[in-house]
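In the two assemblies presented below, chain A is common to both, partnered first by chain B and then by chain C.
What follows is the complex of A and B.
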């Protein structure tokens, strides 16, 4: 294959194609870039969300029952349950029955929050305010899984819910963010009621455009009193 | 979920007139996990008229009566209902490309086809549309290197260069079949004023009313083609610059392949004339221009590719390719649509290293200039943001507050602000403009628009999801 053709194929995908080899082993530069990307993925999982960032947006932090990072990885169920202190803090500090509850969680990538929150969060608040949707008291959940929204829903009873959570990192991108949404979160709700905009990062779904679109989706959820497969978009 | 729209194309050239009807299928794509996208996934010709000789009353005035008769017959035969036509373009080319002609036709169509059909003329757009119709655009996506489409009709040869599916440059030669006309008495009856300087520079001083031999005609056509082809190869010969309608605005890149379309392109596949009476069939130099072009271009070293469409390339381009759709996440106040003939005012934005002061100065300059031209209109223009890369929230805020402030300052009475951009941030930008602007200001912000080669934009209705249909053009007629 000619060089320019290979270049053309490379432009189509961020995947590692046409990396070359020496004997049975990859080239040193490709091997090193693989190691670097792997290290970034591990760092994303074990990293911490910047406390200055949380302060900047006035987000207080609660934890789930995950205990340690190892436990978090082995036991997804523990990331869905809030700690007793966490539940208490939420009850004390949050407005009840808001139109929309926004929660931010590190999930499997703290760097997803560190990289994207500055763009996604304020654009999301702008979008919701344009639709005249009232936002409850936002906060941060450490060690959260997607379904922690159900547990929080039981306490605060919001009409709609937006969870900005770090995605499982890959070797292409370690700081990709997802926005999970649903109408009336509660224990035992079906997965088909949840919606998601995924792959939010600099080179993926543009963060500010994703935020603008989430506003439109939530507005539709409130209008139709539904989410997931039953929502007409 | 999918739907389609009916689009018409009408090409009125110096020598021939054609009409087509096409269907554009639009589909909303994308998974539930991503932002929605809408695309035109298929463009099909459902009706093509025969090729008519353009009815003229003089050398360049269209005989409206006869043209309208042709049109009404064609509408009837095509079987489409005019109320269903949601898009399309009338393109008036070559020496008939005059404002009066265009206005008459668009007035006629406005009564019958609604407001969706745009009239347009201008060699740039025409060349690009021909290149889309002939297959040059698609070819450039398949190969490495630049593909030139040379659409040669009666009055002009429109060149459009395509690279990786994008038009990168256009220019026009005074080369065409009807620039020189001869009668069956082997006399020159017409020489277009546009080619006289080139003829004189090349000592080919033929005169109307005088006889001309087959050999002389052949030599003239060969020389004209050699001159044009030498220009395309980057080494202009025989005063090629005198054939150019306007000097080119940037250096010519290396061209790899050429596709010839248009009436002359069509005749290249025909029999080579060997006597003068075979040349005078059309009363002009068309057949001889075509056969000598084939010889000259074969010797030129360019790789020649057959056109998918020759004579109908422009009309197919106009009918099928003129309409595009916007991104699927945009900010639109629907009651304001459609908006037609909106001039595009461009500004470069470096979003990666955004400099608020530089942006403010640049925008101030651009808007001041726009005020001199479009002061009374509302919305006065569409602000086209070019060159944007990743855009942070902070950059967007700074950008939108500058836009709102300067727009209000220079157009205090305007009630609507229109912004268009290439990258997928239209909705975010629109929401931010809405929040920042003065109470009551209406905002339209559309993304994923390729407006590099257009001076005006028409914004149509919603077609799929939030996406609206639009067309970018080079000239506007009220």
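What follows is the complex of A and C.
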């Protein structure tokens, strides 16, 4: 096998090519490396966000109605509804009618928060303060789905909303983060009103760059009083 | 119609065929999510018992979605072979199961039978069949189709090479395709899921795959799996496509959420027949998968097995070259774990074959589903014994664009070796001529993508 030729092919794709075989089966190293990446992805789904990390940013935690991880995976609708205790805690602790509300949620990858929050969150606060946008009281939602922003919107009535949430993990990256944004979140909101910056991690959209981009978009939402397909960007 | 039964001293009463059909399903999370599944195992068995006694004519006379408001219902109803139906209409679903599994019935008998059944009848019988029943029945049915080449023969396991790339990079796609070909994969189709849905990009992918096919004179067909309208725009502008692709749903509302209509499919048929680059008569590639109707809120409280069967009722009108269910792609809220995915894969394959379709399966799972690659080993082996027309391969089972896992090229080569199956005849002959296969086995040269660089 001509190695430089193989390298020539491999440089064009992240696909696992040129791995060879024994009989019709893959070689041990490649086979185990595939299983390791799958293990990381599964652990990201079933993992927990570090409580020290949440404390560091002074984020209190509330839960949705998901109950168990199994139920969370089977019933996306339950991850869109806050628990009664969660609603209460949000009502007690958060500033009403903020210009922008930031919420962090594990979603389908706790690793996405653990790996990226340290980079994304301070940069995001900087980016928003650059536009002189006032931020409400941020908090963490355990077992959240994207549309939990609507339920939170009903309680706090923010003008704009930023949800940093873990994406469904892939084998290439198990800790990719998404930022979902919208103007005036409320129940019955259309999916087309939401905006997203996805693939946020060090080897994807770099966290600092993503934070700057989110700031710009939210500023436009506030200026145009709109989000999603009707926002002119 | 029977709607009541007694089991262990309890009376179970059902209020509609829809309820019986849903509750008779083997357990799956999608039916739970829809709120239509049986409360417990005994109720599930009661529903199966009641369903077993229902007449086929009762199923036909009780449409689950009104044909006047749903064109899939209408199409299924209009395509029933009345001559066959008259013979079987007074059978119960239990009679149907036993006829299908009887030693006296050959594959061709089952194909004739299938033409007189509605999709709902085929779904009903699947609900009272075990996994091995589904394998036994499907294994009798051989469906040979012809696009540029022919697949589906006895003793053949064909494969789709799926050389996807996260940015549709042509050289990256080709590198992945060389890897596939070097393992003898790609006889059913070279099929790419594009990231960028523009006419220009789809044309570029069609041209590039065709270039490889022409250069190495590979007996196969190409396809780019974008929305049907964007493929039509590319074909209109002269891009070379052997097959045209579309995902299907089992209700009109489901298809509307996919942005398609029956008239659009008719237009696409006319275009691929006129401007497609293949020579054979079968030029469609369809994908389906349990749960898609519920995910677009187009399910009308019908269970996902029945809706999946209706996709096949729609597909058979277009005499496709290949059809596959993307069984584990949709996620755990529809099929929670490997047990449910394995069951659904066998159901879909059986139901497709009973519709006379050249049925393949994308044996796959996502990372938030309770399954792993060992489960795919199991399902692919079961489907191989059931005579599946084709399966899908990606490098080391990892699709770096769609972020899910299917089968590795290695896995398909292994299935052929273990189950003594061959690539499609013309493709096998090509593999032998270029030196990648000898006496039905891969040669020393196989499994190395640079093989195709030496021969450029």
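The rule we apply is simple: the second predicted complex is superposed on the first by the 226 of 233 C-alpha atoms of A that agree within 3 Å, B and C clash if a C-alpha of one lies under 4 Å from a C-alpha of the other, contacts with A are read in each partner's own complex, and residues count from 1 in each chain.
Note that in this section a residue touches a chain if its C-beta (ideal position, glycine included) is under 8 Å from a C-beta of that chain, and two chains touch if they have at least 3 such contacts.
Given the structure is predicted, the values throughout are model-derived calculations rather than measurements.
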**Joint occupancy of chain A by chain B and chain C, clash or fit** = fit
**Request:** Have a look at where A:36 lands relative to chain B and chain C in the superposition and call it first, second, both or neither.
**Result:** neither
**Asked** So, A:95: does it touch chain B (first), chain C (second), both, or neither?
**Response** neither
**Prompt:** Between chain B (first) and chain C (second), which, if any, makes contact with A:75: first, second, both or neither?
**Reply:** second
**Message:** Quick one: is A:122 in contact with chain B, with chain C, with both, or with neither? Answer first, second, both or neither.
**Reply:** first
**Prompt:** Is chain A touched at more residues by chain B or by chain C?
**Reply:** C
**Prompt:** With the two structures placed on a shared chain A, what shortest C-alpha distance in Å links chain B and chain C?
**Reply:** 9
**Complete:** chain A residues contacting chain B in one complex and chain C in the other 5, 8
**Message:** Quick check: in the complex, which residue numbers of chain A touch chain B?
**Reply:** 4-5, 8, 118-120, 122-123, 126-127, 129-130, 195-199, 202-203, 205-213, 215-216, 233
**Asked** Mind pulling up the chain B residues that touch chain A in the complex?
**Response** 32-36, 144, 329, 331, 390-394, 396, 423-428, 430-432, 434-435, 465
**Asked** Which positions of chain C touch chain A when the two form their complex?
**Response** 29, 32-33, 163-166, 169, 171-176, 178-179, 183, 332-333, 336, 366-370, 372-373, 394-398, 400, 403-405, 408, 410, 413-414, 416-417, 442, 446-450, 453
**Request:** Spell out the part of chain A that touches chain C in their complex, as residue ranges.
**Result:** 1-2, 5-6, 8-10, 12-21, 23-26, 30, 34-35, 37-38, 41-42, 44-45, 70, 73-77, 108, 168-172, 174
